[in-house]
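Data first, discussion second: the structure below is written as structure tokens.
For clarity, chains are labelled A, B, C, D and E in written order, and residue numbers in each chain start from 1.
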Amino acid sequence: MIVRRLIAVLGAGSLLAAAGCGGSAPSGAAGDAAGSGDGPVRIGALHPVSGSMAVDGLQMRRGAQLAVEQINESGGIASLGGREVRLATADTQGKPEIGQSEAQRLISGGAVGLIGTYQSSVSSNVSVVAERNEVPFVMDVTASDEIFQHGYRYSFRVQPGSAKISESAAEYLEQVSEKAGKPAERVAVLHEQTDFGTGAADAFEVAAGKLGMEVGPRISYDATTAADFTSQITQVKASGADVLVVAGYYGDSLLIAKAVDAVKPDLDAVWGVSNGAYDQPKFVSDAGELGDRYFSTNYHFDAQNPETRRLRAEYQQRFGAPMRTGAVLSYDAVQAIAAGVEEAGSTDPAAVRDGIARARIAPLTVGNGPVRFGRDGENVNSAAVLMQIQNGRVKQVYPPEKAESDPDYSVAW
Amino acid sequence: MTATIDTDAPETRAPSATLAVLKRAGVVGALVAVAIAVALVQSGSGIVVWQSVVTGLLTGGLYGLIAMGLTLIFGVLDIVNFAHGALLAVAMFISFGVVQATGLHPYLTMLVTVPALFLVGVLVHRGLLSGSGGATLENQLLITLGLSLLLENGLLLFFGAEPKNVGLPGETHLDVFGAVVAGSRLYAFAGAVALGLALYWMLQHTGLGTAIRAVASNGPGAELVGINVRRIHTLTFAIGAACAGAAAALAVPLLSVTPTLGEQFNITAFVVVVLGGMGNVVGALVGGLLIGLVEQLTTIYLDGQSSLLGVFVVFVLVLFLRPQGLFGRRT
Amino acid sequence: MSLLELSGVDKKFRGLHALSDVEMSVSEGEIVGVIGPNGAGKTTLFNVICGALKPDSGSVRFSGTDVTGRKPETIARRGMVRTFQLMRPFASMTVAENVSLAAQHHTRGAARLRDHATEVVARVGLEEWAHRPATELPTAGLKRLELARALAARPRVLLLDEVLAGLLPAEREPVLDLLAELREQDGTTLVFIEHIMAAVMRLSDRVLVLDQGAVLATGTPDEVTADPRVIDAYLGEEPTTDADA
Amino acid sequence: MLTLEKLSAGYGRMRILHEVDLHVGAGELVALVGANGAGKTTTLRSICGQLPPQAGRIVFDGGDTAGRRPDVLVRDGLVHVPEDRALFGTLTVEENLRMGAWTASAEDTTTRLEQVYDLFPILAERRGQVAQTFSGGQQQMLAIGRALMAGPRMLLLDEPSTGLAPKLTWTMLDAVREIRDTGVSVLLVEQNAKQALAIADRAYVMESGSIVLSGGGGELADDERVRKAYLGL
Amino acid sequence: MTDTAVESRRQTRPGAPAAPPLRPQNRQFAVLAVLVLLAIPLPLILPSAQGAVAVRILIFLIMAVGWNIMSGFGGMFSFGHAAYFGLGAYTSAYLLVEHGVSPWVGMAAGMVVAAAVAMVIGYFSFRYDLKGAYFALATFAFAEMLRLVTTSSDVVNGAVGYQVPLIQGSSVWQMQFPAGSPAYFWIALVLAGGAVALSILFRHSPAGRYVVAIRDDELAAASVGAPVMRHKLLTVALSGAITAVAGAFYTQYYLFIDPQLAFGSSVSIEAIVTAVIGGIGTIWGPVVGAVIVGSLSDVTATLLATPPEFLSFLQGRSGLDVILYAVMLILIVRLMPKGIFGTLADKISERRRR
């Protein structure tokens, strides 16, 4: 008796909660659930706006919002008679299972496509949801290359994959060091030991090997516990390597820079690959002089593109913070979906998918041309750029056509 | 009249206890020496191993520092304080905030963090842990677990997840027989030793310290000599929290300050506490050094493995074989 | 033939000699009382017999087999069951559940278990309490529950640790009657620690006196109570004159 | 000094003491004897504040002790030495003694420390030794010494002879009488009836949670009924 | 003798409570059946996002039931149930991805592996007599070790983890269905119902009664013949196996698993918190707890998406749901140590007795 009553009460409670969730979708969601009504075209954005990734998540959500505003200002979707676009947002909390249910919610709310999600584990889940529902999913930031090995039809990615960045890093390193007259021969690699760092280091090792560089020592570390890298840097110093490649997150990369400053190994360069710190303005201010002349190969907003400059200025003005590359990628991802709708002339997600596959989008991030998706869903023209901290600023230095200034192949100590 | 009662107490027992501790210290020392020798063979580079040992000891000092407050709470109140790491994070944020607001030298923020954490400790103990609801071990564990989630996410809610950094003004590097030591780490290490000695002195030679040990040794007995046990418990918890405050000020130049930074230290600190024997402040310091070494040597032994793995292996071995810790006495 | 036999049992705690060289033999159907002042080692003796403690040396034989250092549950299942001086009910269970648990190792099936438990509960006079939480019982009830639980395990030898302590004189009678009946009807062998001498006198065939871990005397109740050493051990020595000096 | 009026006490629903009346005058040494499980220890635990009474009153020095914890009563001069001695095992002898004077001034601590060392010289010899390495007799001396450090006006002693060899028991009880002679009231719980009755001014005999006999110490010592209460003859 | 027995069963005196039913499990099974029947139409009624929440609740439920058997009934406070969840998840994922074995077989294999590991960890912990905090810390250490070893083992894809390949169409044997299919919910419902049924069966079996007695008083239980070690091992094995089911189903539903998701300490904490909030050591506590904890993050998400006026400052802030559940955990432990269900059940049975 008691039990049943209790369960009934709780059941009612959870139904209420569930109803509440449904209610959180903007009103009218049910009306155009099929995506065929006259209302705005809905694009779903999944980002971690709570939890430890919230800062980046929020940046990306805002970047997507700016893209939607830009589209509407320039007349909406022309092929649908100027229909407006609206962003439907969701918080993944950085958890795959939340990401999955939120993706489901956005899709049943009538989203024609999804963007997201900043984390590989969440993107892995959302890509499956997208595939099953036959709704396109354009990834803005997602490092994992694994997702694109399943032959999913509905998954796309704007940013260059981890392997591509690593290959570019090896290539740029070879060329830049050669040009400076100090060709890199022996490269030490220090990487965090999860998926992200290991993947980057593996790809780099292969690419560098092909270019005739010797990789070693390779040292991995646990980013969640490492508090001091003096020993690792001493090991690098003892090995006689010319260059130190670092694939890590922000905090650990900062500690590595401090240890390099302490040990002062005999290096020609410190080189970030997909690094979370060495191309961040925050690193410049946190590390100060000891970060000077650090290189970083990564995806990046295109600092040479006036459109990008305009967008970043607007972001800075509206939100009081510099716009990060992730947010610019979200902007591009929304543009990709909008272009897909434009191309398809329909809000049917399957048609939009084909539209995206056909579309060409001028990106605000660095690329070798317009965003164009290959068979596997990867952006064929995605590219990584080399940045260096010069005089307290992060500058694009290579390849030459993207360079703001010349690379300075030397170290500060 | 004098009552003389002849006794059969073996008088050799006290010295033999000291001897046993020395013997165990010898065994541990020998194990460490062997471990270092193996590392030398494995790595092939003297300087790398030496740097690892130095780094391990310095990091270990930090672990000892953080574990001191925890061991006090564990030993006297029998509370597995899962919120200790979160308290450390709170103290770090206070320290960071003070540096930001006033430009004070990071170490001087101790003047704020220590009293602040002391107060937090009083509030937490009085508000959450003492009294009937907190009675059983599991309940206290769950309450402190809840508290750590609360504090971490509270910090997240109000300060965001962006890591914050505090530099040490006038940071220098020293050369110790070829190994490089950052001044900030050396100061933190010295601070850990000083704090450990201060705590030890306080426990051994002050009335309050003796009372704390008395309560730990026999709570009902302490009540029978007129000690207000609940007050001593609160004070002990507050002192333990204040230790986290001191640790925070010493460690703030070394780490990126994030709401969840306590997590990485929490479990290490528990290992240190168990290793050193619960309630044993000097044991915590020694245990900290050992764990620091274990971490560094793990990375030499097992390339590609997390340094935590070695820590957990040592932990499990200690739990099974010497649950009273290296320097504790089996009860 | 002796059913339970201890020889040379020694047990030390941190230098304290809790039992030294204890010899003891109990025949089938016998009732043996164990007496001795506080701290004499009586409960330690039970702990060693029932496997809760391992003796440092010496052996415990039960029904012809050596059970020294065997696990308590093994010894219990063989038919040697004890009660505890400080009552240890299963706090989350009712009285009947406490009792039927003890019968589980020889009786299967919910209905048969319940019948068995009901019978035992009635036998110790706890019917009214059968379905209440065991923790609600008063002292006397808990003592009976200890007894009931041990009985439900179908003991051949029942070791009772102060089942009468804390009972009012009026409450003792039925328990004593029950113990007597156990031997008469069930043929159970009883070894019991007791301070209440009237009970020891009335029930025991033989009495074993422990003092400071050693067997001070054995014999019939009359022999033992007349033994001056026993009286000394109990009431303490007379004041000696030289101590006044 | 101390009066119990119809005191009933116990644990939870379990009642162990049934309306106990008892009185200890100033400077008196009163023995409370009885068989195991008669309720003697429970009586002491109630008096010292560890176990709140279920009914009845405890009046110490003219005031009701209701709701006062042991640490508060110690400040008023009522000190309890429990049967398990409750020593601080990891502390040295001297630390144990100094803790005994937690409520006293530094001056008093020093003088009392000397007095205790005078009473039990062995403690002075081993002042630096850790208490848990002591034998039973030494622990008992330390426990009493620690209680004296508080400067008690009334001492509750629970079975000071437990675990002692018979010869030592007497010496111990003699020390108790010595303490009485310094003006401290003592309520002594003993199973060791003969000796307790021999030194007590007055005595109560307890059985099944009630007082069944009372009278002068010497008078009860010869009383056949005491013997019966123990041996049940 | 028989007469008194009958009389006491007939129960005439007002003071004595009535004899409980001979098989109390029958009533609990009935309740379970009703609950399951009521839940069957849910996925057809709920919008799909809420359907996903409902599945998540069921996963929490299985985890909490598993934890409750060991820590609630058995009193062995585990702080490392992520170990068993993760073993279930990884075993099934490994078998499916590397060897194409059906997830159902993988689930069964995961149960076996988890039970075996639980028994090994348990054996050593009991052998060395770890109790209370030490036991909790040891279980935690084992779970963390599994996480670290998995992270760096190429055999199981290291930190990358496993992504379950998507198949075309739906297959019960492969446990894959189209988006929004109610089948996932129904499978989870069967598994959760089975877990609760197993927990009921166990609780009322001779073994389960021994386990509870051992929890209450180990020596007393041994003294009436309860085989202590064997039953403790049985308990941890059963607990591990049930928790492994949650892990295996999780992998199959979310189609992705990595070391942090599988063995991370947050998994252990979720299992504990769910059972504690509902009520430790009761059959229905984990059920109640799962409904609350499982839907909590969605309730807060809703609250934050469109916050009421006085909470508007929280919009866009993070961590609120965890704060809520932390506060709930602390309050429940302080004020209702038996959890929501345990406390209510006590109150009601007390009132009934009066």
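The criterion applied here is as follows: a residue touches a chain if its C-beta (ideal position, glycine included) is under 8 Å from a C-beta of that chain, and two chains touch if they have at least 3 such contacts.
Only a predicted model underlies this, so the values are computations on that prediction, with no experimental measurement involved.
Colleague: Going only through chains that touch each other, what is the minimum step count from chain A to chain E?
Modeller: 1
Colleague: Out of every possible chain pairing, name the one holding the most C-beta contact pairs.
Modeller: A-E
Colleague: By mean C-alpha position, what chain is farthest away from chain D?
Modeller: Farthest chain from chain D, going by C-alpha centroids: A.
Colleague: Looking at C-alpha means, what's the farthest chain from chain C?
Modeller: A
Colleague: Hey, how far is the Cα centre of chain A from the one of chain B, in Å?
Modeller: Here the centre of chain B sits 39 Å away from the centre of chain A.
Colleague: Please compute the C-alpha centroid of chain A, do the same for chain C, then give the distance between them in whole Å.
Modeller: Those two chain centres are 74 Å apart.
Colleague: When the C-alpha atoms of chain C and chain E are each averaged to a single point, how far apart are the two points in Å?
Modeller: Their C-alpha centroids are separated by 42 Å.
Colleague: If you look at chain B, which of its residues touch at least two other chains?
Modeller: In chain B, 10, 156, 160-161, 259, 304, 306, 308 touch at least two other chains.
Colleague: At least two other chains touched by the same residue of chain A: list those residues.
Modeller: In chain A, 50-51, 54, 193, 222 touch at least two other chains.
Colleague: Name the residues of chain E that each touch 2 or more other chains.
Modeller: Answer for chain E, listing residues that touch two or more other chains: 148, 151-152, 317-320.
Colleague: Where on chain A is chain E touching in the complex?
Modeller: These residues of chain A touch chain E: 2-4, 6-7, 10-11, 13-15, 17-24, 49-51, 54, 58, 91, 93, 96-98, 100-102, 104-105, 107-108, 121, 124-125, 128-129, 131-133, 144, 146-147, 150, 152, 193-196, 198-199, 222.
Colleague: Quick check on the complex: what are the chain E residues that touch chain B?
Modeller: 77, 79, 124, 128, 130, 132-134, 136-138, 140-142, 144-145, 148-149, 151-152, 269, 272, 276, 314, 317-320, 322-323, 325-327, 329-330, 333-335, 337
Colleague: Looking at the complex, which residues from chain C come into contact with chain D?
Modeller: 16, 37-39, 135-139, 142, 162, 165-169, 195-201, 212, 225, 232, 234-240, 243-244
Colleague: Can you list the residues on chain B that touch chain D in the complex?
Modeller: Spelled out, the residues of chain B in touch with chain D are 1-5, 7-10, 13-14, 17, 207, 210-211, 213-214, 216-218, 220-229.
Colleague: Residues of chain C touching chain E in their complex?
Modeller: Against chain E, the touching part of chain C is residues 50-52, 71-73, 76-77, 81-82, 84, 88-94, 96-97, 101-102, 104-105, 108, 110-111, 114-115, 118-119, 121-123, 127-132, 149-150, 152-153.
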